[in-house]
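What follows is chain A paired twice: with chain B in the first complex and chain C in the second.
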Partner chain A sequence: MARYDRAITVFSPDGHLFQVEYALEAVRKGNAAVGVRGSDTIVLAVEKKSTPKLQDSRSVRKIVNLDDHIALACAGLKADARVLINRARIECQSYKLTIEDPVTVEYITRYIAGLQQKYTQSGGVRPFGLSTLIIGFDPHTGTPALYQTDPSGTFSAWKANATGRNSNSIREFLEKNYTETSGQETVKLAIRALLEVVESGGKNIEVAVMTKEQGLRQLEEAEIDAVVADIEAEKAAAEAAKKAPATKET
Partner chain B sequence: MESVFGLVGKDFAIVVADSSAVHSILVHKTNEDKIMLLDSHKLMGASGETGDRAQFTEYVQKNVALYQFRNGIPLTTAATANFTRGELATALRKNPYMVNIILAGYDKDVGPSLYFIDYIASLHKVDKAAFGYGSYFALSMMDRHYRRDMTVEEAIELVDKIISEIRSRLVVAPPNFLIKIVDKDGARQYAWRESIKDAPVAAA
Partner chain C sequence: MMKIDFSGLDPSLPVKGNAEDLDDEILAAPSFKLPVTVDFDGFQKAAVQMVKPAKGTTTLAFIFKHGVMVAADSRASMGGYICKALLILNLYKINLYLAASQSVKKIIEINPYMLGTMAGGAADCQFWHRNLGIKCRLHELANKRRISVAGASKLLANILYSYRGMGLSVGTMIAGYDESGAGLYYVDSEGGRLKGTRFSVGSGSPYAYGVLDSGYSFDLSVEDAAELARRAIYHATFRDGASGGVASVYHVGPGGWKKLSGDDVGEMHYSYYPIEPTTVEQEMADVRIA
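Showing the complex of A and B:
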């Protein structure tokens, strides 16, 4: 009979948990995901790697809702994501059943992170190979929130963050360009950030917007294309403005 | 002592329940809501042991919500009825729920439907159903006056006739009733029929 008491995640002599670090490598290979928190809007944008022609793209939803007021996007092993998302959805309903109140964003983030941590300290299992971006509005105060978890089980709140492929470049961009935004401006900022590393076009990005009143709304390809066109126009105008005084001087 | 009944109309279904919460000889309150909204287009009226009623209907409601989040589409009324019956059946020979249920729902392809689910896990799809001592009067009135494809006004007229019979003929008749309706626009409260008014209290 197989014995599941052999831990797979053990300390190295210099204090590393290599399995967790390898899991983070898996995350770094996953598709880029960006989350931006505005004052009344929170946006998740995820890179859509080119869909095979015969695949029904509607069956590959990268941004999912956990409850009416909470949504999640992730980078890394999608199969692991399914398991985590399912557990989180059950927990959202179970919490509502016992407490009679919807979960707070922090609670469900702590739950998911706790689950990820458990799998770094149990026998016979490997860590989940994904980092999540969790967004939502506090059910009582209405404050927007964005949280990130990673395979080690740590979590923290962010104004804007990225995970997955090239997340460092995206985070750099966000650190340079983040301002308090609201409504459509938040959507633009998220898409601009993602376009730093992704080929532009509605076909390559999946965007979802969460507002307190309407909950989660997935943007249509046409809407995304419109915002991308806006962004390109702004970029072109900024380029033109930079070039124009230079030529005058020469 | 508790009465719950329901009927199917032209493109809607109605569930009516009394609203008294009674413990032995004491009436705790007369504005108890015993008809739970399971989701946007489903109503579950329940009668029986108070704790079981709340516990079981809330459990079904949360599972209906979970299904929707997992699958992106709502459960059909038929599926919900079968799920509910299954849960009652599983618990029956260990730790039974003493709850009688009338489930009403509206599905786009099927229209309105009504299900009778009793505490020993019988399931019947029906046009009209009733539980409790009031069922003696409700079923008789419905047998006499119910027709397929009634309009909302006609159905409410019948409901009022039934309530009037229960009030006049049942020795410990509940004073107040709550009527809820479900149609293509969703499930919602339709009206109260009160003969005693409780002082309003914030919900638990």
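Showing the complex of A and C:
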């Protein structure tokens, strides 16, 4: 097995590209990131590891703008993310200059996925170690979109998805609890999903909300705390409702 | 740095695996060595002058309420330098043009909703319009939506700019209908690109502009706009020796382009100015053979 992961252009006998799979491992070790698409709002929520006291947290933004109407969050190697994001930002502007129209979410996702794929089929380079969640509104039709790419270069559209640490449990939660939401409900759903695997509290979660009119807005810690408190209250009420009928019977 | 776009010529290239090349597209564009001369700029100028056809034509297009009207003549001429050997046959001292063809299609159908007009080098215009059609189709397939007229004209302008100074001669108008309505752009081989509502290109354009500008109104009906376009071409062919043949008129509306008419300008002359029978002043008397 060890012989087949030296140069990534080599397939293993059973059809694996080991470097790509190792990149996926790197993604699995990265911060949890959740994306939820509502009818008029799209939300990205990312786990924030505790910031050291002396670090300026504003320089460690995990959810970034690619253009006025497109945003990205990722899980995996942050340095690789920086390079990929810069290339995507340039491509957004280059497209705008040649076609005189902003990019569609699908186009920029295809571009990023294409870049990731290129690095799995070239000599002397390793794949990017990150999966991205890309959100945005179509500049022509205004429909919201959420896409995910991974180190192999595949991409697809999602109603809600998670990547990074414990993404499987988050995805299970979303599959059970996803409904068409809008506005604040979408924010709540995203945070609820992330809270499945992250300690609750505004300082452990970074949330950004995108609307067609206002573009991307990062939520303040206080706002996140408020929503978290809401969610906890709802949870407590649900638990109480479950217990109450039982006591009545006895 | 502007790269010469050879995508229309030879697409099959071996993939280069060099890590530095990954910043560019995987199929790096080929380049060619420039000729070694003492005065390269002078050489370029001379080359451009040698191949510069006189853009002998009249084409026009204008946007109005119901879309875009596009019209052109159909004469292709070759400039004096080719015909020097035929000077002895040339009876017209003023006009040295030898009409090579009276039936050139100067309105090129890029795709069902976009037209391009031809002025300048016929081969250049035909080839690059065809190439543009390919690029537009690829855009549609990749992005699941049609390209806008602005985008298509920009693609062409960027290609022509990358060949600037190498002797291409293209003066074209890209007319089409997209989501934002009617679109009309003038693109030329110097790399210029202008958005506008009324354009005329070619040696007959001053004459066409005169008629077009004086008769134009945004609220013309389709028939009136077609007649205006037809008349403008006719007047240009009347006065300009390098324009003639058939005046074609196309209309681009929300449903795509449609050819409205193709009339011979000679016949048009007599329909506008029918021959008046002159009054007879003196009868010719029969001369009797004495």
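What we mean here is this: the second predicted complex is superposed on the first by the 242 of 250 C-alpha atoms of A that agree within 3 Å, B and C clash if a C-alpha of one lies under 4 Å from a C-alpha of the other, contacts with A are read in each partner's own complex, and residues count from 1 in each chain.
By definition in this document, contacts are C-beta pairs under 8 Å (C-beta built on N, C-alpha and C of every residue); 3 or more make two chains touch, one makes a residue touch a chain.
Note that this is a predicted model, so its numbers are computed, not measured.
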Which of chain B and chain C A:E206 touches, first, second, both or neither: neither
Partner chain in contact with A:E91 - chain B first, chain C second, else both or neither: neither
Partner chain in contact with A:D80 - chain B first, chain C second, else both or neither: neither
First (chain B), second (chain C), both or neither touched by A:D150: neither
Partner chain in contact with A:V125 - chain B first, chain C second, else both or neither: second
First, second, both or neither for A:E47, with chain B first and chain C second: neither
Chain B versus chain C as contact partner of A:D67, first or second or both or neither: first
On chain A, the residue positions that both chain B and chain C contact, one per complex: 100
In the complex with chain C, residue positions of chain A that touch it: 98-101, 104, 106-107, 110, 118-119, 122-125, 140
For the chain A and chain B complex, residues of the former touching the latter: 61, 65-67, 86, 89-90, 92-94, 96-97, 100
Interface residues, chain C side, partner chain A - complex: 17, 19, 22, 26, 142-145, 147-148, 150-151, 154-155, 158, 179
Partner chain A, residues of chain B touching it in the complex: 58-59, 62-63, 65-66, 69-70, 72, 204
